[in-house]
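Scrolling down, you'll hit the structures one after another.
In the two complexes that follow, chain A is the common piece, with chain B as its partner first and chain C second.
Entry: the complex of A and B
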């Protein structure tokens, strides 16, 4: 550690040992010095929690910034995370460490408090995302190349298990839509093979695999309902959603919501929608009409469509405000300067915002008092009040994409 | 190999960023592959230029590769293929 903080703390400790009497003066003296130290890139030395922190991915520079939602500020930058052109983040269950999954197969463990990488491995050639296990001990990564899932210890990222995704067709498949599920399980989809696998991790070194074949053509992403009951994979090559009841695996994968597809019209899709952030609001589930300028609302119990809402473009993310009353939506190129807000009770778009060029992601603070929006081509994050839509803050960031707050640490699926 | 078509420097800069960012969402920002295959010189050097241009403009039916002809002209697609085969410029 080359941090000034350590030096100062040591100096402080030594002095304290010498004289109890001057302790008061020292701490008063030390404080401004420590603040200075934090300004030159050292971690904040005062004890603090991480519940109001998060990270934003900076795609072009392979870095993350550590964000503070209380002060709407950036605490610092951590470099050296590799190719983050498609990156996502899971959190340790104590909300202190961010596990960053990079496009280049890099898996990095970042300490939000010391603002440093504690461990990093290149675990595959090309990866898409991951999840942390229910017990917080395992981190699983979904890989495109070589297709499969690799599982690591959260402590030091030592390899625990390797699950090659060889489908019933005998070929290795890209893995998408990896989530964690109750009952110490991971669930994921095989894009090329059209399968959904459930990995039981009770014995971490020997996962027990439950494979569902022929679930549909090209599952492109998956999601789990917030209660962990259902896993749904969106299909690209066919219409509908492949649905698995995780309370009843014997029932198998069912095809539902066939309205969700492209109806053979083969509408071009300029960016694959993400299902991970797709809103499940308790009674309604909110889904993208793939290739359409539409949002589909379905009943979460019956999985039947209840409404279809026209929107400004091809939806990419639809994120529910934490009170589930409204859903914020961003769009694929060429409509990616727009964000729309869908009000669920009235089933209407109540606001259209133009936050900036190439809006890639949005994230709410856990209780919904703020929403942070990344505008990649404007190199900034914009912060809004979700209740009034007032613009309440702005931070510079280098080609920002995903924003991930530590509240994710306690959410099933992530 | 076809001569690179003449595009304004500004348009070239836009295209570099467009390819790395928006094509990059499927092909990777470093174009080393993602849901779509790698678009590196190694991967593309032996593929016919005309076919690659047509893939970009018309897309490939039955796969997620969409047509881009609404947003790219033929000479722009040619410029992109030329760049991809030689090693695509960096965004910065």
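Entry: the complex of A and C
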């Protein structure tokens, strides 16, 4: 805690400036001053609400910046988070702590108020993301190596349960697409085994597993609709989506949207779209076409394709503005300087923006008054008014990727 | 700030216990200690996140209790809020401040962390509710007397704008059903004039008003769908609902759901249902039947009736569990000891609870792991697990009515 030391040094210096008599007793004062310093903690942590905070991942430096959307500012930086070349974040239910999932298997608990890491474990060799349980008590991490899900206490990252992902083929599989679901459940996909598992966490130490086998080849990511009703896994080894109705597990996994896939790899896939970026907008689901220069609109009830919209490149994220009227889309290389805005009522692209080099992610404030865009190769975040497209802010950041606001704490599947 | 004094006294006492030499220099140390004390602030307001907080209105005593949903506890009480016999709450975008709208025209800004009122104004003679703008900068209050909307700065409740509700009939009207809407707008209804107004707040000091006249007799409350697409006002003077598509103001106000009304007052209406309690669940809208012992299900796209479900009494609030699968309903006198749970897939009542005497309100935690129920005449709040219906907590409260969690800060129309 550097700031504590600074505080102590400053206090000592002030005393030194007094008389020699005081200097004599500095050693005796050290204890109460230390007590004071620990009461104060860092001078920085102001009493404040956490509803307007967030973090941005700085992938090259293994750090996060803490963001304030009210003042469109950065409050500080937390280092020491390991390899963040593919990282994501979940939030504690009080919005104070960010759980950062690193590529190197690191799981870190970051306190946004004191701007420090309170706990950190290397829980696997290679991990891909995580989720927090509906009640806010458990953190689950999806691992590639060793393949499986590990579950920890949010309080101190104590291990609670370990779920090795051994498929029906007897082999351990990489785990992808891990999400939380209502009813104290986690849902995830086994990439190598082609399976979807539902873990019932009513007894956290003894998860009950519902396994769905033969769901399709190579599920590469998964998402849950915002109401927690459907879990969908995108298939890489074949065209289509594996769909599970979480209100009716007995019905099993169905194959749908077989048009969504690569169609024999007409185009090389530069970057797999993130399914978390599938926008669900009431009655429509908005999917990035894999390897296609198009966005697919499907009916959220029937999961049948409704329309295709041509766009500027291979879409990566398709993220709905919180009012569900427009969807903002970013793209894979070589079109990753572009962001397009799809208007759903007219089904047309109403705006093309060039925010910067290598746009990796975008995040809306929860009521949609701002959208924050990370431009990795320009080392900055740009902020826009989603209604007018006006540029309303810019912050420097070191190779920024994902932006995550604390409002995610209130939502299922984020 | 009493706690600062306590802190200072304790620090001095510690030093006094050292040598006389130290005592000599206490006066010189007073300045740095004071600085320290102001850095610490009160010992009481702990550094903490605000995402798991809320308040309950205590109507008889003009107070609120501050609630913590992680520990299912009450953190304290704030008094001096005036007449809360009909009160509601909006939250600042950081989740730290509750804006409490009292019946007596009082508007109070309550700091949940220091548990104190930071600002309070009596802004009208009789008010009915309020809303916070999409960007979190403006608080609007709907007034009966004098009829109109007044708008204040969230920072210090400085008046920003005043919108007298003079209808096309030339008379000043009571204002009801005030909500915030995307695009920096407020929407509200004029009870006496039968009008709906949209106030565009792009220039906060000079609201631009879009007025829709002749929308139907006596709109008594209004609501906005969770995506901010539709504004609906329930009509008291005739059967039906006045509906405005906020994506297409040119289309004007349409009359719909004419079956929803009282049908010639077959039953006396003991308590008007709150439209804010209309549950929107993706493709269904769930409405309490006015004066009827039934719940009406309507299609959210066509606003046509789909089904009617018989229930235990005249419904007041019909509130969707955050996963949209079930709707919890409370009732007017004499059935106000009962809460029923409607399962939407099966369209049947799956649970009848008797939480206590005079159940006035219920509120879900944002991801649906808990539901808090206020029982006014039993002077308590009861907490249930919405999945199992298990009773998981109880807190004493003084004639509790509305319960409001800070997650409302992230939602449109709340």
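In the analysis below, the second predicted complex is superposed on the first by the 367 of 414 C-alpha atoms of A that agree within 3 Å, B and C clash if a C-alpha of one lies under 4 Å from a C-alpha of the other, contacts with A are read in each partner's own complex, and residues count from 1 in each chain.
The working rule: contacts are C-beta pairs under 8 Å (C-beta built on N, C-alpha and C of every residue); 3 or more make two chains touch, one makes a residue touch a chain.
Bear in mind that the values here come from a model prediction, so they are computed numbers and not experimental data.
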- request: Scan A:410 for contacts with chain B and chain C and give back first, second, both or neither.
  value: second
- prompt: Is it chain B or chain C that touches the larger share of residues in chain A?
  reply: C
- request: Would you check which partner chain A:51 touches, where first means chain B only, second means chain C only, and both and neither mean what they say?
  value: second
Message: Between chain B and chain C, whom does A:103 touch in the aligned arrangement: first, second, both, or neither?
response: first
Message: Quick check on the superposed pair: does A:191 touch chain B, chain C, both, or neither? Answer first, second, both or neither.
response: first
Query: On chain A, what residues does chain B touch that chain C touches as well?
result: none
Message: Which residues of chain C touch chain A once you look at their complex with the stated criterion?
response: 11, 14-15, 18-19, 21-22, 24-25, 28, 32, 36, 39-41, 45, 47-53, 69-70, 91-97, 112-114, 134-136, 182-184, 227-229, 247, 281-283, 300-301, 322-325, 345, 365-369, 387, 406-407, 409-412
Complex contact set, residues of chain B against chain A: 17, 20-22, 24-26, 28-30, 32-35, 59, 61-62, 64, 66-67, 71, 91-92
Task: Show which residues of chain A lie in contact with chain B when the two form their complex.
output: 59-60, 83, 85-86, 103-104, 126, 128, 144-145, 174, 191, 218, 220, 236-237, 266, 268-272, 333-334, 358, 376-377, 399
